[in-house]
Structure formats: C-alpha cells, structure tokens
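After this come two complexes, each holding chain A, first together with chain B and then together with chain C.
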Partner chain A sequence: MTPETMPRRSSIAFAGLIVCLAALTGCGKTPPAYFRPNMVEATKQRLTPDQEKQVATILLAMFGTPDEPVCLPETGLDEAKLRLAAGPVRSDIVGRKNGLYREHCGHCHGVTGDALGPTAAFLNPYPRDYRPGVFKFKSTERADKPTHADLVRVLHKGIPGTSMPSFALLPAAQVDALAEYVKYLSIRGETELTLMRAYFELDDEAQGSLPETREFLIDETLVTVADKWKAAADAEIQVPPMPADIDLVASIAKGKELFYGDKANCVKCHGVTGLGDGQANDYDDWNKAIVEIGKELSSGSAAARETSTSGMSPDELSEHRAQLAWLDKFGRVLDGDALEPRTIPPRNLRHGIYRGGRRPIDLYYRIHAGINGAPMPAAKGTVPPEEIWHIVNYVRSLPYELDGELGADKPMLARDRF
Partner chain B sequence: MKASFTLSFATVAALAVSAVHADEWGTIKGKFVFGGAAPTATELKADKDVEVCGKHKLLAEELVVAADKGIANVVVFVRDKGVKVHPDLATPGDKVVLDNKDCRFEPHVAVVRTGQTLVIRNSDSVGHNSNVATIKNSPSNNLIPAGGEATVTFASEEAIPAQVTCNIHPWMKSWLVVRPNPYATVSKADGSFEIKNVPAGGEIELQIWHEKAGYVGEVTVSGKAEKIAKGRKKVKVAAGDNDLGEMVLDANLFKK
Partner chain C sequence: MTSMGLSWTFLLACLLVAVTAVLLCFGALVTTYDAAMAVPDWPATYGHNMFLFPFAEWFYGPWDLFLEHGHRLLGATVGLITLALAAAVWLREPSATVRGLVVAAVLLVVVQGALGGARVLLDDKTVAKVHACTGPLFFAVAVAIAALTGRSDMGRTSPALVGQASRLPSSQRPALRVAVALVVAAYMQLVAGAQLRHLDAAAVSPATFRWLVALHLAGAAAVAALSWTAVPLCWSHRTPARRWAVVIALVVACQLALGAGAWFVSWGVPSGLLPASWVPSEPIAARSGRGAAIVTGHVVLGMMILGGSVALAISAGLFAKSPARGVA
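After this line comes the complex of A and B, so read on.
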C-alpha cells in the first residue's frame, strides 16, 4: 500500500460507513416497488419508446402497482385477497400478515411474476414465468388455464424435483391469497403481451398508437385474457375412474406395451430405459422463445456485419443504423431480462418423483392432456381412457421394476446399462 | 297481407340477386423471384426413427428456391378486415389436411380459414406429434399415431403464421396460416401465386410473409424497388386479372 492510496481508501470506507448508518437509521425512504416491463417482447415487436410508454400507462391504469394493486371487476379476482398478498411485508391494523407474495414468492418468481427474481438464475429448473399465462400441472385440458384448486395444490404440495417448496405450513387463507395473486400477475402479464403484439396489427391510420377505448382495452383485451381463467373453473377433465376390478399385473403389462408401442409412443422421449434419455435436445416454450430470439439476433448481427454501407442512400443508411441499434438493444435486453436458455429433459420415470403430483389421477391428467408449455403431447383422442390407466399403472411400477433387465436393482445410469 | 309479404320477399330476393350480379371480382396474381444466387438447400439429418426417416432425403425447407429462382412458400393474404367475400366462397371448404408424411410436413405451409377443420394426419409408419403454436387460438399438441389423425379448429385468425413442429422429430417444421376469409395463399414451387375472386373496384392491402424473411419489407418490380412497411402492399383490384408481375425479393431480405 502506497501512502498516496491510504487517505483515499479511508475516505471510501468513511463514505461507506455513512451510507450504512443512513440505512440503519432509516433516513432513506424505500423506493416504491414497480412492475418490470416485458422488454424481451417489447424489443421483439420493435416497439418505439412512445409505444413502450403507452403500454406502461395502460397497465398502470388497469392493474396498479405491486404496492397498490387495482382489481377491475372484469378480471374476476378478489380484491381483498390481492391486498393480502400485495405490497411490502408488513402487519396490518389488526395484526394480520400482509405482503405474502414478496415474503414467499418474489425472490424467485420476481415482483412482476416474470421469473426474474434474484435467486432465479441459480435454480434448475428456472422458476415459472407467469406472464405467458401457461401453467403445467393442472386438472384441465392442455391449453386451458389451471383451476384455482390446481394452483392451491401446487402451493400446498410444492413441486417435487424442483426448487418449489411446499407452503403447507401457511394458513389456508394465505395460500388462497397467494394463488389469487398469481392469477393477478398472470392476467397482467398476458394482457401486457397482448397489448405489445397488438401494435403490429394496427392500420397505418392509427399512427402506431393503440386505441385507448373501453372496447379495445377492456372488452377485446382484458376480458379475453380474464375469461380464460373464469372458464377454467368448469373445465376440469372428467376422468373415468380406474376399473375397480382391474387386474394390476395385466394392466401393467398392457401399459408397458402401450409405452413402447407406436400409438402412445412414450418411448420416443422417455427412452427405452424409461430414464428420460430419449429426446435430450428439446426446449420448453419459455426457453424456446429465448433460443429463437438468440438465433435471430446472431444471424441478424452476421448479416449486418456483411452489409457494406458504401453506396447506401441516406434512407437506407438510417434504416441500417436503426437495425444496428435494434440488434444492440436486443443484446442488452437478453443480458438483463432473460436467463441462459436450458433444454428440458423428459422426465426420468424410474425416480418415482412426479412434479405434477404422485396420485394416479395426476399421472392420468399429464398423459391425457399433455403438459402445457412442455413438449409432452396430449394422448387424448388417441389413447382411450382405459389404456391411459394402463400406462399410469405401468409408469407407477417403473421405479420398482425389479425383475426386468432394466429394473431398479440394476445401476440407474444409462451408460451402465449398455 | 300474405300476398304483399310474398311480393316484398320476392323483391328482396331479386335485389339480392342483382346485387351479386353487380359485383365484380378480380384475380390477383404474381410471382416471387429470388434476387441473388439461388441457395442450395441443406440436408437434414434424421437422428430419430432412423430406420424409417433415414430412408428419405430430407432437405431444409426454410428457403426453397427453384432453378429459375422462383421462391416457394411465400405467404400472401388480403389484410383488410371487413373484405367482402365472393358468394361462392362464403362458406369455408370442408377441411384442410396437414400430413405427416416421409418424416416431414405436407404442405410446408398450410392455409386454413377460421371455422374450418384442420385434419392433422400421419401417413408414416412411425408415431408423430403435432405441436401447433398458435397465439390467439388455444395452442394444441396432439399425439398422432401411425395412420392416425387429429382434428383442430380455429375460432380467431392469427396475425402471424403459427409454427407447427414435431417434438419427436425435431427437424420437422411447418407453418399454419389462419385467416378469417378465403383470400390467402402460398406461392407454388415456381414462385407463382394466385388469389381468385377478390372484390374489384377498390384498393386492398396484401400482406406478404416468408418464414425466413419475416414480413417482406421490399419488393422490386421491373427494376424498381418498392418499400412495403411490415410487408403490406396496397393493390388496386380491377375486374379480371391483376398481374403484379415478377416481384424480386433481394437475397439480403432472407439474411435474418
């Protein structure tokens, strides 16, 4: 350490001490929480700063802020529940805990529900981004929203094999409020996506501005999103019960045949071993969106590098510059607002860990409807209910298959099997 | 009373018929030509179900250019929302078939009308699944066993063509255009396209899209470059043929 640097270091330390003291004594006010705009979509749709601002203004009027949620009747949401879940963690006047979302969920799922909370990048799989309105583990058809009970179940049980813990220790009213708040964030996020995509469809006369009418904003946009949630309440899949007199051994054998057969075709992704090693290079919808943008970005950058600016007319030159600026912006947006995409491995069925729940009916739902947002297709219409039950029974037997050459008494690693 | 009712009914019917006769309809046609050296399609590697899919020579279909440089699979549709529909086309045709055949989708770009049934078929001897990534309509992903089929319908139009993929065979990709009227088509192997029975006597807006180029921002007709923002080209439609001629799409448009 040279004498010259000494005083500077101590002055930095002193400044640091002041900052710490200020924080401890609370002289600085906590800045209000805000919802992060969906910059990936905004940039993808090439929105101008004015258009980004218009979306933010509309969303503020429709949904309020993380501290002061607005609950329009068209959303069908319960405002009292939202208030319990929203805002900073605190006790209200009757001593009831408020700010539940930020206490329990925000650090992974983010204040916005965009799965960009501070811990998100460290988790595998990443937490769910609610904004596209796509949920995996539910009792409804593939493209339908989950029921309220489905969300409550996930909160109650957690998601085995992931970082999502169980909140079974919370009072039922708190879990209920959190499920409602997840719906609120999802409706907000999907409305934002719809608005951002709507610019593209505008006619030239609109001059790049969305109509701020009740008809467009509420009837065409918000209601369209919210009604899908309302419809889910009555959309539970009607599952014919497993025949009570079913011969389990025979059913497992039939299930095995279906698993490997061309009709159900489970083997193609879950692998001949059932270890989930059949299809290793696919992405789920959330990650695929980022992968595709990444591809567009790299080929766009390559094309821009190859383009010679000599001989360009002033118009072409400004267009070229706008393209460079867009590519540059997109690179920065991906760095800050998207996580490194990851492939989605098909489930290893010999672990006995079922993310969407281990009840036979949970497996039935997964096979019948497929998994929304994931590559898993729906067997509905192709495989009749009775056969789905056979597959359920076979899948449930896989972790305990002792007599087969691929049984649980054999090494679990695929490379050791061949 | 009854007589007058019959009479007025007849009058209305007569008026309706004459209105139809008074309408004139035009055909919009043209041809897309690649502006640059025709690229050669890269061969795809079938690494799943090799014993079946490996038998077929699979080529990437994202940009298909013929020997005479005609560009296949360019999507053209009439964008105008309330466009009048020719009475012969008032009801959508029975169904549109998207086939999983030889481990690729046929056609590569399918066009379906709202309310029309899309039959996704599997003519292969291996199982497929068809992941239809629509945005405004509920997306679907059905298992299609060998020889089987699934049906999908669409309530609303899609602003951009939706991708259809097979998760089992990742090289399989195709596109689905969902429009609320019959005025949508895809250029043939030689780059030519034709939209029949478009209302004549006014101006309509065509939307031009290609999977690699996105919304085509520029076309060159007889050496004259024309910028078309968001791929929207206004066209005056006269009764009879409206030939837009050879529209050259510069090779740079496809470098995206």
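After this line comes the complex of A and C, so read on.
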C-alpha cells in the first residue's frame, strides 16, 4: 500500500487495539463484598490499626459478611429474611430471588449501608446512612427507632421528591426482607460506632483493647443497640383522631395563626411564604458531623502551621508530629469516606410534596415528633394535639392557597409561580 | 447466488445480524433485571442439556429464567449460524477481508460463549463487563460481513473485495474518517455504558462512578458530534452512506433522550443539574416495565448505532482501495 492508501493499515490496527483494550476493561477478579469500616469515626476516635482490627474482628463474629450474614438471637432479627436480602443477586428455578439489597439498594446506600454507594454523590438529598441508626420518617417519637411497618411503608411508597423509588411492584415478602436487612445494617453500624467510642473510656488496665467478654460485647453493647429497635414496636405515637365535626375553614385559619405564631413558629424555617425560604444554611445530622470534622481539621491544621517546633522537647515534638500525621490521615479519610456536605433546605410546603407521606397522619407525625436527624423540631409539649391538627390542615391547604400574600398581581395557584 | 441475485453468504450474514440483535436485546434485559444468575450452572440448565430443557418450564416459568435461558438458546443459535456462515464464506467468497472477518466472528462467538459461562460459574461482575463489551464487538463484525457480502456493496462501494482495484475519490475521505471514528466512539460508549450498567456496589466508589459518568457523557458528545458531522459529509455520496448517515443521526438524537430517561428512571433527577421544582411529586416505581424498557432500549439502541456506524463506514469506502498518490 502507498502512504495514502485508504484506509491505512496502521489506523485500522490502532482502532482495533483501542477496541480490544476497551473490551478487556476492568479485567481482574472482582473481590468478595465486604463491610467498609467506619473510617471517619475510627480516625475521629484516633484508633490505632490494632484497635481498628479488633473492631473489625468483633463485628465479623457478631454480624458476618455481606455474603454470609450472622444473626445473633439478641438482635431479634429474622435470619431467613436476612439471607433473602443478603449476598450477590441470584434466583432459583421457581423465581425466588436472593441478594435483594444489592440488587435494589446497594448502588445508592452502599453494601455497608454507609450511604457511599457508587451513585450517592449524584443524589440530592444523599441516600440515608443507616449506621447512626437515625431514621426520619416514622410513626414513633423523635429519638425512637422506626417500627418495622415504618420501614416497609417507606420502601413501598418511596420518598417523593427524592431519588428513593417505590418498591411497590416487588412482592411483599421481598420488601419485608429488605426492611429487615436495613435494620441489620443499622444495628451493625450502630454497634460499630459504640465499639469505636468505647476505646475512649478504657482505663489503663485495658491496655487499649476492648474486653472481649460476653458481658461487654453482647449484654452492654449489642443488646443496648438492639433493644431500641425492639422497643420501637410498642412506641408508636398515639394520635388523637381529628375531630369529625371540625370546621375545616376555621381549622385552617387557626393553623395559619399557629404557623406564623411564636408557639409553633414554623415560619422561622419554612418562611413567611411557605416556600421553605426561612433559613437555608442548616445541615442535617449526617452532613453536620462532616462539617464539624472539617472545621476541626481546618483549625487543627492552622494551629499546627503556626506552632513553632523550635524549643520543643522530644516528647512534644513527637506529639506534634503525631498530630500532623493524624490531620493528614483525617483529610484523606474524608476525601474517600465522606461526601461533600450539603445544606438541608426546609420543605417548600407549596409544592405539595411531602417526603414522609401525604396522609394527614403522616404530617401529624412530622409536626408532633419533628424529623429525627433534621433541624425540624418536635412540637410535642409545645403545641397540643388538637392544634397540631390545625397546623396539618393549614399545611395541606398551602399548595392550593390563592396567592394574595405573595405579591402576585392577581390570584393564582401558588405552585404555578415556581 | 439466489434467483434474486442475492448470495447465500449475504442472506446468512443478514440472518446472523438479525438473530444477534435479538440476542443482544435478551442480554440487555438479563442485565436490566439482574437475571444472570437465574440459572446457576453452565453449559447445562438446571442439570438439563441446554437444548433439552423443558420448553414449558422455560417459556412459562419465572421471568428471570425465561430471560437467562432464552439468552443462552439464542447465543447457541448465533454460534451455529456463525459456523454455517463461515462454511459458506469459505466455499463461495473469494475476498480475504470477508474471510478474515468471518474468522474473527467465529473466534469472538466462541470467546463470548465462554465468557458467558465464566460469568455464571464464577458469578463475577468483571467477567460480566467483558461479556457485555464483547457482544457488541461481535455484532459489529456480523454487520460488517453482511455489508461487505451485500449485493449493492459488492457491486459498487467495495469492488476491491471481488478483486478489482477500485479508486476511492479523495473527496470521500473525510466521510470515511468520520465514519471510522464514529465506529470507535460508538463502541467506546458501549464499553463505558457497560461499566455503569454492571455496577458493583461493593467495589465502585462514588468518585469512580463520577468519572465513569463523565466518560459516558463525553462519549455521548463525541458520538453525537461525529454522527451529525457525517450527514453533510456523506450527503453528496451516491452510495447508501448518505442514507446510513441520516438514519444514524436521527437515532443518536433518540439515544440522547433515552439516555436521559435511563438515568431518570434509575436514579431520579441528577443533583444540581435541574431545579428542585423539576423533581416529580411521585416517586419512581422500581422495576417497572416502562423503566426497564427505557434502560434496555438505551443499551440496544447504542448497539444499533454501532452496527449502523459499521455499515456507514463500509458504505463510505472502508475496505475499498483509495487512489494512488497524485491520482486524486
């Protein structure tokens, strides 16, 4: 061929090479799934590698692996359900599917339930990190765990206005198994947190090692965490029914008064317009923890930079270097194990999208108990139940309120403005 | 040649392309429904010889089993057609290029079958990714064989194949370059897409996923730019290239919309790209038929774009000889 021969052999060979290389992308055996250690907490607690290893060993014995979960009776979990949800995705000849969590949830929530699944960074809000054991949308008091039915409901209905889909098309047994597995991940994550924090309280005799006794590991640690889940079954908020003869117009007017008044003071965050523009700089608990660590790191780094090492004793110098190494490590851990913190805007109540559910009772729960993990406070103790119903009625009327107060020239549906 | 003037090799090649397209649809559905492990053994199906597995148990059985076993049956069918095509080409086709492509097809179909088996026996997502990348490669080769053995191409754009040294006008070179680049870009897009589809939640971090998404978006931009550039470049051609270029340009536009839809039904509104008020008031239903159709359609259309690009490149003069220096 001449140099101008078309197509040039070298070009074809090059294109072929690219194609072949592309076809082999990612070659190499996939490592078995594992639970990622909570490195943010481990670094925050300044655990040594040996201590990190001890926690991992204890958790492995208590909870097993993502492919082979262990279910101690103290957790109160159903092992059969866990096995349905755990492991890689597969199904049998009659169509029974295993590995449900990795099929439906792991991409966002992560195999560990740490909200560090591959897609997490693209979601707003971020997916829930189960490890602190904090859940937002439930029928129990703010500090309580959700009931099993609450988790099933969230899975069934999804969370409107977020990326959390509805799994209503899945068989009920599969949804049930997923809810059980979420509890398993949460109990595991909270146990891990408890163990990591326990090092801080060790006395000198322990020599930096947790006691590996049944009394400490099971009775003091696991049972304490698991019992909160068990207690949730009986902790459902007792909601007085809305009076059947309620005058809805008067109730809405009363609710509006409460919304803007000092007693409920919803206006502080949701804004005078109800557009959720009252304040926009707060964080939920998950993001707030990362923000606070970031501040600690910044101030620590600034202090370390300003510290002169001249005149330091060998011990002080060693301590200073350890501090610098810790700061450096923490920075790297945050880069890999935490997402960029995001503020949590208060809900725009004129969209008519309620993440925890649109039933009146759902709104009652949110107002009564607040939203755990979010800045939304509980009205319980401040606002009596019948007045909470007035606020519920007013909130439910907001998407349809004719817009006289928002500065529009003519009456219009508020949601048309956005 | 048949009475209509079509060669048996061409007809067999067309059959191979058609059955492979169906096979790819099944493969894409297997991934969409995570059904790859619905049959735990290979090459047998639940202990039965693959071809002797009870029809009723397969056809009326669970959806995952239907997809996975159907994928295997189609894969075996494609393998047999490929062997028949290879025999036909060897007996009747003098072109070294076509013979070379058929050898490549036989090798690829064997490798692809083995990869499918390994994916099941090892239950390994990495093997699944490679399997997903090799499928479109085989499809591209099948399309190339069909295009080269086709009557119109034999007579017009690729006379070199029948031993006549033809000349490719230099004015057609830019179109050919763009078409070849489009083939490479379309394939790379499928490779990037396979990394996103066969996402291992246990092994991929959010940072890696971000890079994969960026790569896929950049690939989409490249494919779109190349396909739309091909239209004006091929417009003056008196070959099927013009038709192919227009069809691909339109399909790519649909593909972009499907890509956005596939993201939406999989992961909702991407953070930061759209205003909050665009977030739908109702949650997406996971595992809905509509969602599966959108996601699978996106994958299948991507493969069709690759096949079309190969046909375009051949119509635009790939494998034809160009003029010697100074002749053009």
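The definition used in the following text is that the second predicted complex is superposed on the first by the 370 of 418 C-alpha atoms of A that agree within 3 Å, B and C clash if a C-alpha of one lies under 4 Å from a C-alpha of the other, contacts with A are read in each partner's own complex, and residues count from 1 in each chain.
One rule holds in what follows: a residue touches a chain if its C-beta (ideal position, glycine included) is under 8 Å from a C-beta of that chain, and two chains touch if they have at least 3 such contacts.
Bear in mind the structure is a predicted one, so any value in this text is a computation, not a measurement.
Once chain A of one complex is fitted onto chain A of the other, the partner contacts of A:I353 are limited to chain C, with no touch recorded for chain B.
In the superposition on chain A, A:S163 contacts chain C only, with no contact to chain B.
When the two structures are aligned on the shared chain, A:G300 is found in touch with chain B, with no touch to chain C. Looking at the superposed arrangement, the partner reaching more residues of chain A, out of chain B and chain C, is C.
Using the contact criterion defined above for the overlaid structures, shared-chain residue A:P314 touches neither chain B nor chain C, since it reaches no partner. Within the superposed three-chain model, A:P49 lies out of touch with both chain B and chain C [touch as defined at top]. Within the superposed three-chain model, A:R102 lies in touch with chain C and out of touch with chain B [touch as defined at top]. Of the two partner chains placed by superposition, A:P73 touches none, neither chain B nor chain C.
The touching residues of chain B, counted against chain A in their complex, run 48-49, 125-127, 129-131, 133, 135, 138-146, 148, 150, 159-160, 167-168, 170, 229-230, 232, 252, 255-256. For chain A in complex with chain C, the residues that touch the partner chain are 2-7, 11-12, 15, 18-19, 22-34, 66, 88-95, 97, 99, 102-104, 106-108, 110-111, 116-124, 157-170, 336, 339, 345, 348, 351-353, 418.
Chain contact summary for the complex, chain C toward chain A: residues 34-38, 40, 46, 57, 61-65, 122-126, 129-130, 133-134, 137, 168, 173, 176, 180, 183-184, 187-188, 191, 194-195, 199-210, 213, 267-272, 276-277, 279-288, 317-325. Taken in their complex, chain A has these residues touching chain B: 142-144, 197, 200-201, 204, 262-265, 268-269, 279, 281-282, 285, 296, 299-300, 302-303, 306-307, 370, 375-383.
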